[in-house]
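Paired with subunit B in one complex and with subunit C in the other, subunit A is shared by the two complexes that follow.
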Partner chain A sequence: MYVVIVGCGRLGTLLADGLSVAGHDVVVIDRHEASFRSLSPEFSGFRLTGDATEYALLKSAEIERADCLMATCSEDTLNLMVAQVARHVFGVACVLARVHQPAFGAIFKNAGIEIISPTQLALDAFRERLDAGATKRP
Partner chain B sequence: MNIILIGGDQTTYFLAREFLSQGHQVTLINRDPEDSRIMYQKLKATVLLGEGSDPETLEQAGARSADVLIAMTPHDHDNLVACQVAGLQFELPRTIALVNDPENESIFQDLGISVAFSATRIIASLLNQQTRFAAITHLMTLGQGQISLTEVLLSASSPVAGKTLHEIDLPENFLVAAILREDVVLVPRGPTRLAAGDKLILVGAQADFKTILKQLAGE
Partner chain C sequence: MYVVIVGCGRLGTLLADGLSVAGHDVVVIDRHEASFRSLSPEFSGFRLTGDATEYALLKSAEIERADCLMATCSEDTLNLMVAQVARHVFGVACVLARVHQPAFGAIFKNAGIEIISPTQLALDAFRERLDAGATKRP
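Right after this comes the complex of A and B.
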């Protein structure tokens, strides 16, 4: 699979390393070149320095060929924009965006992109443990 | 009108001042505490400190009853999402976004923004129009830069001076909308004869303007 990862922070780095080691073609994009230092020596994909909200940069990443785009930056608005552009302008089939603000999940539910909310995931995990604990109690 | 303005720079401030002087109601949203304080002191407007894309901040700003939202921050993604949240969540009828990367202009419109405008493109096109022919004044563009409204001053050497509009073979997608002759406005018809010194107000497709300007100016 050809996977484009936007943002090379903690999440982006782990995703890029893992997918590259698993044998996928990976391009990771970040505004700051220094961010790529956190990638492991086993990472065999491409590093692209630049602003992913710039159309020309996404074009140069040949994003229209991508099987999946993952937007993992720290800014919600940036992830939402890049994900929508990938989906609607470049026609990428699978688009995932990390979004912290829980309210955005409902607002963008019909935008054709999949939103992954760390807050929602933690909430679900906490609730699940609580429910499991409650049923276990004698 | 009830206007929500997002941004903190000089342009946002002067735009807010302009709208207020026209009698509109303005609510400003700004992420910088210092900029917000200055705006609050200088303008008779509500100033909210926060993110323009945050649904709660937009709610406080009265997004439910506002007529238009204008997002003018230096970040295209903040402008896009603020406009989308306003439209999707609060059904705000008209959203306007500044795009910094001119290539985002059409992308934003595809993503549901009513109007996306690029300062870069506006300034570049003004400059092009101004430097190419001295006797031509570009007045404005409409429809995302596709339609141009332009004034052309006919010189004595113009090949069309002295001819009627019937006699000139104008391209189909052009219209001489008005003629200014010594401060008199003429609405041109086919038999109207053009004269040197006439100012023609032209409306037409921006892309084909070179052709008609050659015809009128003889350059």
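Right after this comes the complex of A and C.
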């Protein structure tokens, strides 16, 4: 599959490396070229430096043929912007966005974007482990 | 259950609010008193301002009778320190720590601390959604 990843922070890097090694075609976009240094030597995809909210940059990433766009930036507003453009301007079928502020979740969902909230996932994991510990006790 | 939460950021706040509303006894610790402003009016636990790596502060949180300690700070090193003290000095049975740097995971595990990595959880979620999207396609 052809996957466009916006943001080459910790999450974006792990996704880009993993998907590239798994045989997918990957383009990773970041505003700062230095961010690409965290990619592993095994990463065989493309690196694009620039602002992913700019139409021209997304065009040069050939986003219209992407199977999936993953917005992984640390700013929710940037992820929302990029995800909406991918979904509604370029018609990308699978658009996934990281969301930090739980309050933003509804806005993304209304825009037809699937959200992944690391905070919510961690919250659920903490609660599950606590419950599991409670049932183990005599 | 009696739960001590270290760090009142986004995750710590959601945990403290949720566990308090669920009927657990909760103490939340943060270095900055202003952090407690994010707690909901329904939070009925205690707030302790100070450095959770200090023995005296953990004593005043009555950590030795805690069923669970949750280290949710944004700094992995702080979480590791607090979690180790809770586990090995105060003998807390259930010690859970948020870890950001995947490379730190092994250190926590060697110290007998369960780790929860929001980045890893998000990574898994992105990969699962991509795979689910792929199987849906004709």
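Following the convention adopted for this analysis, the second predicted complex is superposed on the first by the 137 of 138 C-alpha atoms of A that agree within 3 Å, B and C clash if a C-alpha of one lies under 4 Å from a C-alpha of the other, contacts with A are read in each partner's own complex, and residues count from 1 in each chain.
Convention: contacts are C-beta pairs under 8 Å (C-beta built on N, C-alpha and C of every residue); 3 or more make two chains touch, one makes a residue touch a chain.
Because the structure is predicted, anything quoted here is derived from the model rather than measured.
In this overlay on subunit A, subunit B fits alongside subunit C without clashing. Looking at the shared chain after the overlay, A:A71 reaches neither subunit B nor subunit C. Looking at the shared chain after the overlay, A:V26 reaches neither subunit B nor subunit C.
When the two structures are aligned on the shared chain, A:T53 is found in touch with subunit B, with no touch to subunit C. Of the two partner chains placed around the shared chain by superposition, subunit B is the only one that A:M81 touches, whereas subunit C remains out of contact. In the superposed model, A:C8 makes contact with neither subunit B nor subunit C. Judged by the touch definition given at the top, the superposed model places A:V89 against subunit B, while subunit C stays out of reach.
Between subunit B and subunit C, more residues of subunit A are touched by C. Per the superposed model, the minimal spacing between any CA atom of subunit B and any CA atom of subunit C is 11 Å.
Residues 101 of subunit A contact both subunit B in one complex and subunit C in the other.
The part of subunit A that touches subunit B in the complex is made up of residues 53-56, 75-78, 80-82, 84-85, 88-89, 101, 103-104, 107-108. Chain contact summary for the complex, subunit C toward subunit A: residues 1, 3, 10-11, 14-15, 18-19, 67-68, 70, 72, 93-94, 96, 98, 100, 102, 114, 116-119, 121-123, 125-127, 129-130, 133-134, 137.
Against subunit A, in their complex, subunit B makes its touches with residues 53-56, 75-78, 80-82, 84-85, 88-89, 101, 103-104, 107, 110-111.
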